[in-house]
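Here is the structure we will look at, set down as structure tokens.
Chain IDs A, B, C and D follow the sequence of writing; residue 1 opens each chain.
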């Protein structure tokens, strides 16, 4: 690390997660990114260490430079200044062909082989808790160069066997992923609010690679249902830099992704004016951010 | 026929063929049309009895209104004022799906079940005469609503069995076409410089339906290698109307399709100026023709 | 033998009421287009208002509060084929959860795919094919529970490959930015799978922000996503995707979704919402007046500040 | 496991000489794009000039006198996978006929498809699939002689369906109207199968009428047919399709094809033509000077009288 890095003094756990995730991206790569915090992480990467990374979103826009705050993956502002807007099947076809180096998605459950559940908890099709379904998750997990995962750390989310295997990780480990006919290299990192997990290249098993500042491996272990492997040289997660935190806060000044601004909008009286104000302010923010990148 | 139809006094055989073919098109239909004389026939139909017919060409343009003389199916002027320009696979996909009611192609050889050869004469792959190959022919013959065929009448072209079956007609007759898994209804009419042929709906065998003016069925039979069925009520082909002939001549004033203007262009000295003159004049012609149709 | 599918190039402009009533029936298999952007919300409301029932719905990515969920909450849906159904930034979809967790208002059958494999279903159907191969789904539980997916040995590589069946909705309803009277539709920005969906369906209703002259369509033939021959009805519905955005025309109304999301937290809340916003108005124009034209115009101005067709900066 | 395919978003502008020399080798499997319109003729000439041999060519519709036939006539081709090869209005292709009828200048292997089935080969490859189904080819002699086509029983309908193998050229060479420096290419008018071909190939050379700023590409993202991540080289080649047309830029030069067609009537005539027009000039600029810029400008004016990007009337 260069000597002139200034670390942030205060940051939220969500900001730590996003900043840590941002470090998983590399310059010049193509990245397929999901909704919410994943997009914040990718944007942070692009605005810092990976200025020539191209972000694509499921809606079909590739390499855009939105003029205003992006409120969701399919927000029409994501079409602004895009290199291309493709049909969704074509974009996912490009991904299946191997044109996407990295993908980042979330999940409701994960098992020790990095298999993900974003469909249902507690049975299927009769379930206790229904969530969104695969969307592009299964496709990205099947074919993307390397898969990044961002999720909350809870014992019931880190399970021995996912209730429904929506997105393949290393399946049952070993060469089972390859035998199933899958192309992408599978999960590369899981980043939670407690630590960073990676996978043994041979067995496909998850291990704890880094603990977030102040946490011990044992604490994290306690929040995992399966027998968690711990790297012999388990490290401590680097704090976010001041620059990373500033970017995140300017990208999401009202905590729509990383915080709790949502309920203000839900106010039938003031919500809409508040939203219009956010959008208005965001033109300037986006302009400043993109002008840094010469756009 | 309405009483006020004025038939042409003089016309070429090619003009008779094209005018006769024009009568096979119906208003409101979608037509997939090949290179050269087929396009002239389709244009004549559109400019007379089928003003709301839509013509699509293999290059991908649908429903265009070219501003100048179209010199070939992929001439860039075919993109002018088109409803849509689709990738070729998408256009042919639309055709496979069943969106095209009628298709018109040529052929080097045909057999009594309407199977066509546009690939090679006298063996395959070692052949005596090589021609273009399927292009879109096989696709159109496989899937289009009804197939129209325009070709020269020669004994060696109307054969018992085509040297190479490029485009399926009724295969070996009966239900063999359906059994092969093909979708379109198969050949509907073959129009040559001698007559009009149709197919028995049950056996799939070709029969002579009309003789061009001045020709006897026996003469035509002599120009067919297989045992030709003749309709008990074989008719005489209607002459082109004055209007049809005028349109054809204005569409092709230099005989590029229907005649012999080609060699003038091949003159290294005068060819290019001659061509530029044709194009220049054709803006006006096309304008006049399309203005008739309210374009 | 194929059916004649091509629709004639005639004036197809009609009201949404007419289009839905003419083409959608009880038991219809429906595909609503859009991909977050261009959600055909006005049409969903009209189908609801006409009370079409026993519907079978097919979507790739369905967006809560403005899309299929509305019909599920009203108990009009028997079967739902999807890749994704959620609120995104709008959060949890109470209706969808109640239907699948508790069978409220009644149980629905669910058939799941991923975004690409659903796209391949439409692509297959759009080309008159009965299936398409895909390298997703393998090793997951999706084909375990969905028996319409077949895993075969690839005849060329010997590796496993998944096959998914063509999806041929009876009616596709797609909201677009520009369409002419005969049905040539141009989509700007996000296309989703609507190029394929329109071709896959037997009938197509286009709702459009603007009806433009054919001459205007013909100036940019490469932008025509859906040719007229796929289309049965053209309906002029400005702000027809309200709630979600419509690229080049208006931005998302994020607070709207948050407010609706809160209402949907209970079935009772949902019913009251539907009573007020769907049955309480006559048509989409009534809905727009209720939302308020000023609010809609502010959303349009937000979108068009930099991005307006032909004037993109 | 897939290979990393994505090309970086860096300045890829180079000369045609550099691009062909860097990416095309003896034995290369090449796909030249275009569909009558936008034929990459300048690139074909450069491959010929560099004498790359034992080539395997794959085309849907190949146009005589400006396309694959040139390389066949020079004896540089071992195998040719096609749907169609002919002169259209330019008539009979002496080179193609001599190669297949008499093995002059030497025999070539031929593998035939139809336009759609060839398009499906590119579409399959473009999506990382090894095959695609198609309802063409059935009952014809095409699969009788082409053993790479498999007729199977459709696992969903039980009817016969044909499968065709993905085509993955080593290099695709595609001529477009507009491209930025990093390789985002926009095609106007006829697209052919070039959207799929570019994704199917391992490497892509784009020759372009104009190199435009990325900002200009981003004004019309729906027109971007080929994203930069497919592209290795961007070459500025005005009039790079001369002979054929380039929609919105210039019209076909019909007399040119007629003249070349006459020259090609004999192998001797072809050799003299190649000597003069390919080896007799240094590069495409030399070719254009030989044709004459005035002639080229007249073709441009003919096309742009009504149809020019952004100014279509």
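As a convention for this text, contacts are C-beta pairs under 8 Å (C-beta built on N, C-alpha and C of every residue); 3 or more make two chains touch, one makes a residue touch a chain.
All values derive from a computational prediction rather than experimental measurement.
Note on connectivity: the fewest steps through touching chains from chain B to chain C is 1. Following the contact convention of this document, D is the list of chains adjacent to both chain A and chain C.
Looking at B-D and A-D, the interface holding more C-beta pairs in contact is that of B-D.
Ranking all chains by how far their C-alpha centres lie from the centre of chain B, first place goes to A.
Separation between the centroids of chain B and chain D, computed from CA atoms only, is 27 Å. Distance between chain A and chain D, defined via averaged C-alpha coordinates, is recorded as 40 Å. Between the CA-based centres of chain A and chain B the separation comes to 57 Å, rounded to the whole angstrom.
Chain centres here are Cα averages; for chain C and chain D they lie 37 Å apart. For chain D, residues touching at least two other chains, in rising order: 128-129, 134-135, 154, 159, 161, 188-189, 191, 195, 221-222, 312. Listed for chain A are residues 61, 79, 85-86, 93, 96, 143, 183, each touching two or more other chains.
Contacting chain pairs (ordered by label): A-C, A-D, B-C, B-D, C-D. Taken together, the chain D residues at the contact with chain C in this complex read 124, 128-135, 150, 152, 154-157, 159, 161, 163, 165-166, 187-189, 191, 219-223, 312. Across the interface of their complex, chain B is touched by residues 1-6, 8-10, 125-129, 184, 195, 199, 214-215, 217-218, 221-222, 224, 227-230 of chain C.
The residues of chain A lying in touch with chain C in their complex are 35-36, 58-61, 67-68, 71-80, 85-89, 92-93, 95-96, 119-120, 124-125, 127-139, 142-143, 164-168, 171, 176-177, 180-183, 256-257, 262-263, 265-268, 271-272, 274-276, 279-280, 283. Chain B makes touch with chain C in their complex at residues 28-30, 52, 54, 61-65, 79, 81-86, 90, 93-94, 96-101, 143, 145, 178, 183-185.
Residues 35-37, 60-61, 63, 82-86, 88-89, 91, 96-97, 100-101, 110, 112-117, 119-120, 122-123, 134-142, 145, 154, 159-161, 188-196, 244-248, 250-256, 258-259, 261-262, 295, 298, 302-303, 305-307, 312 of chain D touch chain B in their complex.
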